[in-house]
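We call the chains A, B, C and D, going by the order they appear; numbering starts again at 1 in every chain.
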Amino acid sequence: MKTNLAILLLLSLFASGFTMQTKKKIVFFGDSITQQGAGADGYIKKMDSLLTAKNQSANYELIGAGISGNKIYDLYLRMDADVLAKSPDAVVIYIGINDVWHKRTSGTGTDPDRFERFYNAIIKKLKERNIAVYLCTPSVIGEKTDFTNQLDGDLNQYAAMVRNIAKANNCPVIDLRQAFLDHLKTNNPENNDRGVLTTDGVHLNRTGNIFVAQQMYNALSKDFIK
Amino acid sequence: MKTNLAILLLLSLFASGFTMQTKKKIVFFGDSITQQGAGADGYIKKMDSLLTAKNQSANYELIGAGISGNKIYDLYLRMDADVLAKSPDAVVIYIGINDVWHKRTSGTGTDPDRFERFYNAIIKKLKERNIAVYLCTPSVIGEKTDFTNQLDGDLNQYAAMVRNIAKANNCPVIDLRQAFLDHLKTNNPENNDRGVLTTDGVHLNRTGNIFVAQQMYNALSKDFIK
Amino acid sequence: MKTNLAILLLLSLFASGFTMQTKKKIVFFGDSITQQGAGADGYIKKMDSLLTAKNQSANYELIGAGISGNKIYDLYLRMDADVLAKSPDAVVIYIGINDVWHKRTSGTGTDPDRFERFYNAIIKKLKERNIAVYLCTPSVIGEKTDFTNQLDGDLNQYAAMVRNIAKANNCPVIDLRQAFLDHLKTNNPENNDRGVLTTDGVHLNRTGNIFVAQQMYNALSKDFIK
Amino acid sequence: MKTNLAILLLLSLFASGFTMQTKKKIVFFGDSITQQGAGADGYIKKMDSLLTAKNQSANYELIGAGISGNKIYDLYLRMDADVLAKSPDAVVIYIGINDVWHKRTSGTGTDPDRFERFYNAIIKKLKERNIAVYLCTPSVIGEKTDFTNQLDGDLNQYAAMVRNIAKANNCPVIDLRQAFLDHLKTNNPENNDRGVLTTDGVHLNRTGNIFVAQQMYNALSKDFIK
């Protein structure tokens, strides 16, 4: 009896251990959009639903690591505590909106050369630990489709930089900006600056969270999610 | 003999008087682009050449009234001295670049509502004197063609405002911004930020001055220049 | 009887007419501080109370002409409709805070040279009509007393400009900035950024409205109010 | 003979080795002021002269680590390569001007909370290695003495932050801002914005470099330099 119990315990421990070993961790690293993304109806929850629907939920743990107002160098400063300490298998970086936006609102945006430099430094640290890195282009500041949102020029430039950084580091890019622009071209006939995928031109509404979750799932299921 | 001479003198005076009366004045009202436009190889000189080529030079006097750094409200403040005092028949307004640009460089750009309000006030004063008013959209701050020039979004918005102001006031618009974008799409295959129509992304080079002169001639010859 | 009544009516009309002729108009021309100043408990109301207390209320009509967000050039644009049309005997100008503040919040503050130019143009128009002009220095953006309010340097510069403009135009200056700084030095021992004379660092609380009314009364009673 | 030579060689090697062990390294970590400070007539050279005059030159190695345009987070990003790799005994940090200045010139200054956070992170890394840390307050952006330099308010705030960070981390502060203000009060009677200690309001002239060297020598000779 005692032996059987011991074996049972051992087996269950082994089983749970096995589960723990195979449950892959994906950290979502970003700003307020990602902070909200970890909440109810957020894009991380929506992605979890997509995994559940595909019967993949048991194999992946999705972890939100978004803090409101963050810019690229904020991510760099807190990546040890908030990302590396969690030993993730993959990190999805969704940053850049505040780096552009804060130039206008408080004079504290990020210079393009610093944006690149800190982004590369983050990727280097992740790659050294064999963590898969996915880069998202910054989505929108204003949903108008004719490039008359005040910061469209600068945001296009930072999106282009993210694509180049991804290429140079051989990382997959989740091109949210292009996906948003394509979606809005069709779904924003009245050229509104908010209300289609966002509540305020930046932060995702329900449709926006589902949209982003789907974009991320599409990208990660190409190689990482199986 | 004496009588004949007197009649001849009288006739010549009358003739010159007649010429003076019919020589129509066109004031070009703007910023540094227009200030340079009045210089050698400037767009105002180039337009004079176009008039000469068409044998229309004797009928029109072209007057530069551009001052470096000017924004819409600067034009309003100095319009009595620099425009109305010259009793022009037509005024071509080419303004808006500094209203956008100075937001970034010195924190002293122009709010959209003020831009509209001062523009309308200028047009009102000109129309009250039966002066023909032509509105130019602000051309470019950076010549890149994929809307990644930092201020493209804001500049697109101000160009759209100028089109609306022109429409609301029943004034012809000289859509320099659209003309520049169309020209650059074809003539800037390497997506450079300067060097095609400008020296520095804003101020016109020789080709740019010729290009602007042609755009203005096209617009004015529709009704004003005959 | 009838004749007596007619004489009485005539006399009363004459009397009221006399009063109307001697009631001097003072326009308060400014931004949101002045817009609020015309409301209940506002500084214009407080100044009216001071006049009443001195039995001078019948001789002066105080008129608020403040609009939220106004900068110096906004005053210039609307001065015909909002000031000259009222045929004032005196105008108290209280402007400059947004000219500095909006540099930071929206990139649309006012360059120093434009501030001077538009201010001088306003004064010229008023003086041409023999209107007495009083200039207020911009009070505060933040109430801290050690010059660590973010915009203190720039605001000090604009206050200095107002003093110079007043001197050059031979106008009395109501030096609110200096009066505020002196008052705060004594009454803000904890170096708070708001709550002594303002609600938010800029807009006047009850104490601030009384304080400003007193400053203005002091200045105007030197020569204008008798 | 041979033995004697060997002993002599051994002794000289030992001597030089001894010297190498005792020569303490001081890294000067900062922006363009420090980059220029390492050049001829720069403040680092001037401090070397002070050490020579006191016969202390042999015991200290002064190393410049300034890069033009640097802000606090730039120091953090490059501190491993540019400071820690040099195994310094002391680090003098002279930063903060661009963190304030770039808000105005390019919209890319540093938020106060980030300034503190990155500054603390740098100090933590240095203290963990038992490196002595000296904090300089940011000197000046404009030399006018009546707090009318445009950015005085903000710069005063960042200087106050540096004093607080120094106190909280138990580090000596070299209060350059206060020293500059005191010096200018006496030596800038015409209230010029440049030319006393700087060439352009920010970068040190010859007098400024000597002045800074003296301030630093005074601070370091209290405990570090003996």
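By our rule, a residue touches a chain if its C-beta (ideal position, glycine included) is under 8 Å from a C-beta of that chain, and two chains touch if they have at least 3 such contacts.
Note that this is a predicted model, so its numbers are computed, not measured.
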Partner chains that chain B and chain C have in common: A, D
Equivalent interface positions on chain A and chain B, same or different at half: same
Mean-CA-position distance for chain C and chain A (Å): 53
Separation of mean Cα positions, chain D and chain C [Å, integer]: 48
Junction residues of chain A - those touching two or more other chains: 103-104, 106-107
Parts of chain C lying in touch with chain D, wherever the complex brings them together: 103-104, 107, 142, 146-157, 160
Residues on chain A engaged by chain C in the complex (per definition of touch): 104-107
Chain A - residues contacting chain D, complex: 73-74, 76-77, 102-104, 106-111, 114, 117-118, 121
